[in-house]
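Each of the two complexes below includes chain A, the first together with chain B, the second together with chain C.
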Partner chain A sequence: MISSARRRHQAAGALVAVIVWTIIGWRIGSAFPGPVKFLRATVDLYRSGALIDALAGTAGRLALGYGLAIIVAFPLGAAMGLSPWVDTFVDTYVTTLFVTSVASLLPLLILVAGTGVGFYLTVVFLFSVFHMLLLVRAGLTRVKPGTRDAGRVFGATGWRSYVYVLLPAALPHAVAALRVGYNRAVKGAVVAELWVYAGVGELLHGYQRFSQISSALVVIAHVMLLAVLGARLLRLVERRYAGWREVTVQ
Partner chain B sequence: MNTLAAYDVTKVYESERRVHALDGVSMAVKEGEFVVIVGPSGCGKSTLLRLFAGLIAPTAGTVTYEGTRVTGPSRLRAMVFQQFNLFPWRTALENVMFGLEMAGVDRDECRDRAGKALSLVGLDGSFDRYPDALSGGMQQRVGLARALAVNPSVLLMDEPFGALDALTRTTLQRELLNIHTRESTTVLFVTHDIGEALLLADRVLVMLDDPNRITARISVPFDRPRSGRNLETTERFIRLKQQIRAVFRDDTVAAKIDAYQ
Partner chain C sequence: MTAIGGTSALSEPTRWSVRASAATAALGAWQVAAATQNVLLAPPLAVARVLVDETLVRGTLLHAVAGALTNALIGYGLALAVGVPLGALIAFSTPVRHILDPVVDALYSTPIVALAPVLIIWFGLSPVSKVILVFTFAVFVVVINTEAGFANPPEGLLDAADVYGGGNRFVRLRVRARYALPSVLTGARLAAGRAVRGAVAAELFLYADALGAYLIDSGSSFDTARLLAGIVALTLIGVLAVGSVGIVERRVRYTES
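Now for the complex of A and B:
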């Protein structure tokens, strides 16, 4: 009942948005295309294959950079959460890079990594790795001492304490780390491609140069779709496996 | 032989300043006995319980279970915590199954025994509910069932009813009395509530702070089975309660209570 009411509200919201969009498109004219022009541009882009090719390239590079960030963030975050020594050793660097704007590093990265795949991977990696790392660490450091005590009293000592108490307790943060890391990775992929004119970045630059605003909007909408669908998928995983605790990230 | 014993135990926490949590404490609990340690906050009573649980080690002295030095936790000495410490990612039934799973008990038997333990504490209809969906009283029932399910030799209870409202506390006290009468489990129970101590215990140990030590040992003269409603209004109960309260004000009173015993 609540769910169907929510769906009705969402549909009503979408309808209002389309009406407002149509009015704005009609008032502004060619500078901001309305829904009809948008749909026509979408069909054209699908027919030409340009959008699919660009998105496939972007998604591939996104997956590589994001995967690399996961491989680094999870073990290092876990080590920081479990060992005060590792945490003290690494924390300063991680915190410094976390608060540093990755975009400000891009000119330097181009000089070091060039404009090839290495550049995309590095940017996607840097955009996502620190958020994931700090969330994984938080998941482990926030396990209540009482929870660990209860585990020990009932037989979860040694490696069993990690498998049966610490990991399940940290799971909501771990899944939240995947979700936040993915959002950041999409942003990183788009920023990187805008810098070196590749994938969706190349398309956007091209359409901007020739004032093809409808086509540019279609590309932007698809990038948004890529981000939203991935985040939705990870939210489902989160509800399925870590529904007992919701981790909100500011 | 004593089930639990502490011999001249001292516990010092080394942090920014040295904290003497226990200062030369000796005590013993016999098999089937219900012993309650009563004392103010910070007197070291929970520390003593954690030593018996094997969660911490003494700085000096010895803590034993069945005559053997305690070197770590064991399911034979199951603990019930003040803040429940349930696993929020497990349902009530799965929480109770935890200790059995760790002991390598067959899954079907785990479910069966956990179900029986939950029934024993009056939680028949809440097997599949997560701790967040349970009231404080229900969570503590799950905590108690988790401890009972592993069939422990000793129940260590750290202010288990301290976080509950008065009505729920009274109900759970009554249920604990019934369970103890039925199962004859040895219980070491910590509280700061003198009335609760006298209602539940065979023997009350009074702890005072600075230095943290046991000041008085009182055998409770009430027959079992006990009923809180009838017992708490008797003259004997009220007098004993007043005498223990007097120990907190002036520890020389302890000698007079010993004489009364």
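Now for the complex of A and C:
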């Protein structure tokens, strides 16, 4: 009943949006293409293969930096969650770099890392690693003492308390960290590509130069899809492995 | 709460000495790397000298940052003015929530910078496009947190309002608004950081005013001391912006227990 109401509302909303979009597109003209022009541009871009190639490149660069960030963030975040010494030491860097605008580092990174794979790797890594570190740490520090005590009562002491109590209790945050890290990584990949005119960034710059607004919008829509579909997928993982406790992330 | 891990296990002096050693280690490694590894990397002392010079003596950097912050402030104000009512509307109206929740979620996870080329086509190389970019950077986090604040008020609060004669809608609304305030301010705090980052992105990806020119020129002339001084200044601004909203937020925090 609830879901059918939701579906009805969404269908109505989509219908209104398309109508408004059509009217605005029709009134403003070439600067704001309507749905028909948008669809035509989508078909063209798929036919030429430019979009698929660019997106594949973006996804590859994204995967590299995201992978590295996961490899670093999970052990380090866990160490921060378990040892106050490590936590205090590493947190000094994390809090500083967390508030730094990674975009402002771009002119520096390109000097240090060049324009090759190393550049994308660094930018995507820097975009996603800090959010994941903080979430993994939060997962371990927020395990309630009661949970641990209950484990001890049932014989989970020493290493067992880590394997059977602490790590499972931190799982919801860990999966949330994967999702948030992915979102950040997509942002990092797009920022890096816009800066060096590669992949999706190259396409967008090209369409901007010739004011091909529908093609630019199609590319943006696909970047959104890349971000949203990945996040959806990871949310499914989250429901599967951590469904008992939803982590809200700010 | 933090039985294992957490910083509460260390005493205050120990904590600060660990922090100081972390900072020293980083500066030392930076100094060594600058001296031996990469000729392009400026050593920390040179950066500090340039930072003082560019902000206090010549004021180039100060001027540049002030220009970008103006855009950040206008966009931030707009984001609050639109985001808070919209978030409340989503929380109060079920149809609106059904329609807009997925949209806001999708836009929140989208790389906003990708909009920069389109903004240039629509609004040209003007401050308007910069303010719109900042606004888009900041608005969704406000909407999401406002919605969360208004979504589930504890029944006890509303019952208490009823008991004390505040059964009418106006009082209930005021109770809910007061309950939502900390969450709204969390959104405002996070948005402040995003607005600063949006303003930096606008400088780099739309067109360069003083700040963008400062960063890009320093980079392309390989003057990393000047470049790093700019980055340090921006980081300080970010900390300040987030911190000042955070102070307000802590003052109004409602604790249930």
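Please note the rule applied: the second predicted complex is superposed on the first by the 250 of 250 C-alpha atoms of A that agree within 3 Å, B and C clash if a C-alpha of one lies under 4 Å from a C-alpha of the other, contacts with A are read in each partner's own complex, and residues count from 1 in each chain.
The criterion applied here is as follows: a contact is a pair of C-beta atoms (placed from the backbone, for glycine too) under 8 Å apart; a residue touches a chain by one contact, two chains touch by 3 or more.
This is a predicted model, so every value here is computed, not measured.
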More chain A residues in contact [chain B versus chain C]: C
First (chain B), second (chain C), both or neither touched by A:R240: neither
Chain B versus chain C as contact partner of A:R47, first or second or both or neither: neither
Touching partner for A:T96 - first (chain B), second (chain C), both, neither: second
First, second, both or neither for A:L171, with chain B first and chain C second: first
Which superposed partner A:A156 touches (first chain B, second chain C, both, neither): first
Partner chain in contact with A:H205 - chain B first, chain C second, else both or neither: second
Residues of chain A at both interfaces, chain B in one complex, chain C in the other: 144
Complex interface listing, chain C residues touching chain A: 1-10, 15, 18-19, 21-23, 26, 38, 40-41, 94-95, 98-100, 102, 105-107, 109-118, 120-122, 141, 145, 148, 186, 190, 193, 196-197, 200-201, 204-205, 215-216, 218-220, 222, 224, 227-228, 230-231, 234-235, 238-239, 242
Chain B-touching residues of chain A, taken from the complex the two chains share: 144, 146-147, 149-157, 160, 164-165, 168-169, 171, 242, 244-245
Residues on chain A engaged by chain C in the complex (per definition of touch): 5-6, 9-10, 12-13, 31-32, 80-85, 87-93, 96, 99-101, 103-108, 110-112, 137, 140-145, 148, 166, 183, 186-187, 189-191, 194-195, 200, 204-205, 207-208, 211, 213, 216-217, 219-220, 223-224, 227-228, 231, 248, 250
Complex contacts: residues of chain B adjacent to chain A: 53, 55, 72-73, 75, 77-79, 81, 83, 85-89, 98-99, 101-103, 130, 132, 146, 150
